[in-house]
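Next come the structures, one after another.
You will see subunit A twice below: alongside subunit B first, and alongside subunit C after that.
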Partner chain A sequence: MAVTTRTATAAPPKEGVLRKLRSASIGFWFMSPAVILVVLFFFIPSIIVFGLSMTNLSTSTGFQNYDWVGFENYHKIFTHPDAGPTALRTIFYVGATLALFNVGMALVVALLSTHIPRRAGFIFRALWLLPRLTPSVIYIMMWKFMAAASPYGILNRYFPFLGGQNLLPDAPWVFVILTNGFIGASFGMILFASAIESIPRDFMNAALVDGCNAWQRIRYVILPALRWPLLFVTTYQTLSLLTSFEQIFILTDGQFGTEVWALWSYHRALSNYWGNFQWGFGAALAVVLVVIGAVAAVIYMRFFQFNQLVQEPLVEAL
Partner chain B sequence: MNADRMTWRERFNSAAPIIALSILTFPIIIGFIWIFISTFSHTTYGLEPQGRLTLENWSFLWKDPKIWDVTLNTIILSVGQTIGVVALSALSGYALSRLSFPGRKTFLAMTLILHSFPAVTLLIAIYFVLRWINRIPILGNDIPIIGGFGYNTLGGVILVQLALQLPLGMWLMKGFFDNVSWDLQRAALIDGCSHFRAWWQIILPVIRPGVAALAIFSFVTGWGSFLIPYTFITDQENSVLAAYLRGMMGETAPVSYGTVAAVGLFQLIPVMIFFIFTQEYLMNIFSGGSKGGT
Partner chain C sequence: MFFNKTKLKELGWSDDEIAALPEKIKNGEFTLDDMIATAKEAVEKGVVEPGFGYWHRPTKGGDFLQYYAAYGGRLYDPEQDKLIVSKGALTNWYAFQRKVVTEGITPENYIGTEFAIWHDTVSHGNALFWNGGVWQWADWAENYVKDQGGQDYLFDFVGYALQPSGIEGQPGVTLSHPLVYMITSEQASGDSNQDAACALLAKTTTPEVNTMHAVESTHLGILKSQSQDSEYTSDRLLSDTLYMLDYNFYQPNHPMYGPYFDILFDNMVKAENGEVTPEQAAEDAVQLLQSEIGDALIVED
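Right, the complex of A and B next:
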């Protein structure tokens, strides 16, 4: 085994055609279960959802009597009276939650928790992780109780000027943004905090020696170091907020004018009161999001220097 | 006096971030305190229990036989999903990190894209995939315990949740494998280990903490999952805790929130236990998962 003297970075041996074949077949066995599932639940559904959106398949047509209707569903979306308001609502919901919590609050918590003793900072960050780990139904139940009518609700009990009625119908967006925001903030918080902690101490000390106050330190030392994580969190969370509707679904079920695009699609296709599931129309609504999601995902994988992450493995040089 | 003021000011400066953080974190803490208090009271006004403390809210544990069916289902779902995610991610993560085979790069790129691709948008289409699986004999809906892998079975839900978590799992696992020394593996292979044995006996034990982290994360998400079980399981006997709880929430007035809160706390217990002992691991998953684990 003369090859054993080779270093790991050496080129693969030339005689390795057979070995390559063997390695490929081993790779195949290792990969196949995961590949099957990915094909079954990502690829095939992506094709199906496009196909469905071209049909008028619904509970009333059944699985036999549906028709191919081309782009009629899309035409229906663009002329639908709800489309404009729903799109605006979705943009508002994504923008507000992102600015206030997923980026804003995340940054504040990360900054504060890295400027207190390590242990304390860790405890606070762990607490912020809790909403994400708590089963969503329980988490939303807590918020519903905060908003509940007097004398039960927590907010109404301690802030009598709120009026005593159930606060959810009055200020649905406040609660939608709060519930999603408290979950979403932890993602950015963790990334920002680790980025802040990796800023060399010397930079901070230099700033201190130069007489920087806290704000100047944040503005000129910390924020420049966070440029990359900030960009990443913003893009990544835009996408996940755009398509997440679980919390809204449990909290308001789209009542009080909180039906966002993803929830609209879900209601139409899989869960509505009339029992008529419009798979075709729902799929067309979903395709809008699928396209946005796919394009965005591809763009930032290009953008975030993906090639560095996929180098060839070295073991074959053995 | 001047010196006094300085120290006072210094003290304030060091306490201010903690005070600010405590205020910001307050709503989270209040929520958990409320759920705890209200499970032991008849009624609560805000956070104050009315009347004497009671265990009555917990009577569902022995009065409602369905709770145990539902709990068992939830355990099957989360354990099944965890085993699946860990096994498949570990297998494919190893291949992606250590083997070269045609299509590796493409698949890796795809995994990364899928990782940020919002899979919930595919629920409608997944519904059709599951209905198609239903038609496969035995595999579709005739497997004991999990019911099969089709629509309206526990197995189907496991399969969907497992698949949706795979991109994250594979990517994390690849990152863990990347960090294992090459010498260790080379030694094993030269000594005549097969790749499978090297994977199972040599490499996996080294990355045990990573595997544990992924397993815990997967269990916790499975345990709390609501949307997918709710969408793909129609009959109540097969539903999971979250769906059961949501059903209760719909039909109760705030007065009897005590019972609902008790069921909620019952579901929350395993999550809290994991949370207390493993926050550090979980924190790593979230940062590693987003950065790609490298």
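Right, the complex of A and C next:
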């Protein structure tokens, strides 16, 4: 790696500015594909959806008879009897799935699979990827037939003490969290496992020499090294769970008290047997999610001290 | 409503009584309460397994409104172009859905059962009473009981009637769900071939073509002239059920009907599962309806 020496006093000010601009613009050009994608597929749609939420556009108004209604949709949301319960349900769903599976189980599987022979580790991690790879309809159908009443349901057939009845209406959240969790865990598992494997062997050996037991090594050597992946997985999976509803939709369609906010928005805006799609109201529901997601992301970044993690290394400031 | 003739006979009904059941339902002499009592007796005497006395539709669908109508519930006022919710009928309907669970003739966690399981169970005669549609007959014959003899096997043990009324003396009801052909206007589509589209529809909306469809898939005809078509009249199921068209009702074509039905159904599920009492479910439903539908709704007792 070449080392450039800078003698700041010798170079004229204009050259320094040009060089700074050029190095900044190189960075900008590298980022531009991603920036363009984010602007095109996130910022602009967000603005459009926000605009939509200020109208009463629906299939009954059509594209020609809609009105601009300002914040009326938001007023409707916040005075809606379902809003509070749905919000609480969503927080419960995101929190439980995140803690138990997307971060929790992912960490457990990553730790376990990196402490066994490497090949075995690969095999287990590959198995954990299967739920994510299976098409969601097939995956959920499997779960539905696990929970079905006997003699069709697998669980009821082999465990008669469960009662023999369709288990899904009795314990809907168990199945919702399990189905989403098994899929979600694989994301964190891959990131954590590769982060653990890239911890320098010297640290691990030093810990062994110092007399650490496994738990102390995990706590004092491995977890600190996972700070960045943990931030990333937690933030990403929180936002992902907040906006996900596909599995819940196929599993219970929001029945038995499992309608989360994203599913509510989908039901209103895009899914009605009699064809009344309330795009304006659904858009308002979606905007609420975007706001909550953005706030959550900012909080996470503060909590995990994001600034510190992306700070330029102090070494170069000599 | 379908019923298992063999099981009714095992229960002690005579052939005449079984043959007279559709007529009694039509005249309001055999009500939903009578149906519950019969199914309960069947469970107690071991003629059917517990929870197999009455199998209504297992998933969301307009069929459930038949029980709202069975208690006198109204859906729509065409003069004012507004949806109606009849609180009393709503409460009675929800109470009926809960009662079938508490009396042990329907399982508690029944809603959400896979349709494949439902078809398999009812077409093999494991339930005493069940709600379905004429179109399912061909489905059962072709996909579930083909090896046992298809339609002949079904005719042997399955009887069919209107949905019993909830009120003594009120005739039974049934729901029809006609669909409408729509031709996009010139303004919307940019095409000016509306007349040609209409002519094409006229060519396909003939008694012959629609009877072919009706007989093959056991759907009802769409033209009155089909009832004179010999193929239609020679189909046993279709001609037997023709009288039901005098007792049917439709769901209204109102723009807010979607949310209306969603709310009624969601609260029905809560009442049936025992999550809330039927009275509370009806109150919640009316409150939600007023919040969602507002001015386009009439609330009556």
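One rule holds in what follows: the second predicted complex is superposed on the first by the 243 of 318 C-alpha atoms of A that agree within 3 Å, B and C clash if a C-alpha of one lies under 4 Å from a C-alpha of the other, contacts with A are read in each partner's own complex, and residues count from 1 in each chain.
Criterion: a residue touches a chain if its C-beta (ideal position, glycine included) is under 8 Å from a C-beta of that chain, and two chains touch if they have at least 3 such contacts.
All figures in this text were calculated on a predicted structure; none of them were measured in a lab.
K.L.:
Given the touch rule stated above, what does A:152 touch, subunit B (first), subunit C (second), both, or neither?
P.N.:
both
K.L.:
Between subunit B and subunit C, which one contacts more residues of subunit A in the superposed model?
P.N.:
With both complexes superposed on chain A, more residues of subunit A are touched by B.
K.L.:
Report for A:238: first if it touches subunit B alone, second if subunit C alone, otherwise both or neither.
P.N.:
neither
K.L.:
Looking at the overlay, what does A:112 touch: subunit B (first), subunit C (second), both, or neither?
P.N.:
First partner only, subunit B.
K.L.:
Mind working out whether A:170 is in touch with subunit B, subunit C, both or neither, as first, second, both or neither?
P.N.:
second
K.L.:
For A:34, select first, second, both or neither according to whether it touches subunit B, subunit C, the two together, or no partner.
P.N.:
First partner only, subunit B.
K.L.:
Which parts of subunit A are touched by subunit B and by subunit C alike?
P.N.:
144-145, 148-149, 152
K.L.:
Of all residues in subunit A, which touch subunit B in the complex?
P.N.:
1, 4, 8, 20, 23-24, 26-31, 33-35, 37-38, 40-42, 44-49, 52, 105, 108-109, 112-113, 115-116, 120, 122, 124-139, 141-146, 148-149, 151-154, 156-158, 178, 182, 186-187, 190-191, 194, 232, 236, 239-240, 242-246, 249-250, 262, 265-266, 269-271, 279, 282-283, 286, 289-290, 293-294, 296-298, 300-301, 306, 309-310, 312-316, 318
K.L.:
Could you pull out which subunit A residues touch subunit C in their complex?
P.N.:
58-60, 79-82, 144-145, 148-149, 152, 165-170, 252-253, 255-257, 267, 272-276, 278
K.L.:
Can you list the residues on subunit B that touch subunit A in the complex?
P.N.:
14, 17-18, 20-21, 24-25, 27-32, 34-35, 38, 43-48, 87-89, 91-92, 94-102, 104-105, 107-114, 116-129, 159-160, 162-164, 166-167, 170, 182, 185-186, 189-190, 195-196, 199, 220, 223-227, 231, 241-243, 245-246, 249, 254-255, 257, 260-261, 264, 267-268, 271, 274-275, 279, 282-283, 286-287, 290-292, 294
K.L.:
Would you mind writing out the residues of subunit C in touch with subunit A in their complex?
P.N.:
Going by the criterion above, the answer is residues 60, 107-114, 117, 251, 255-259, 261-262, 266, 269, 273, 275, 284, 287-288, 291.
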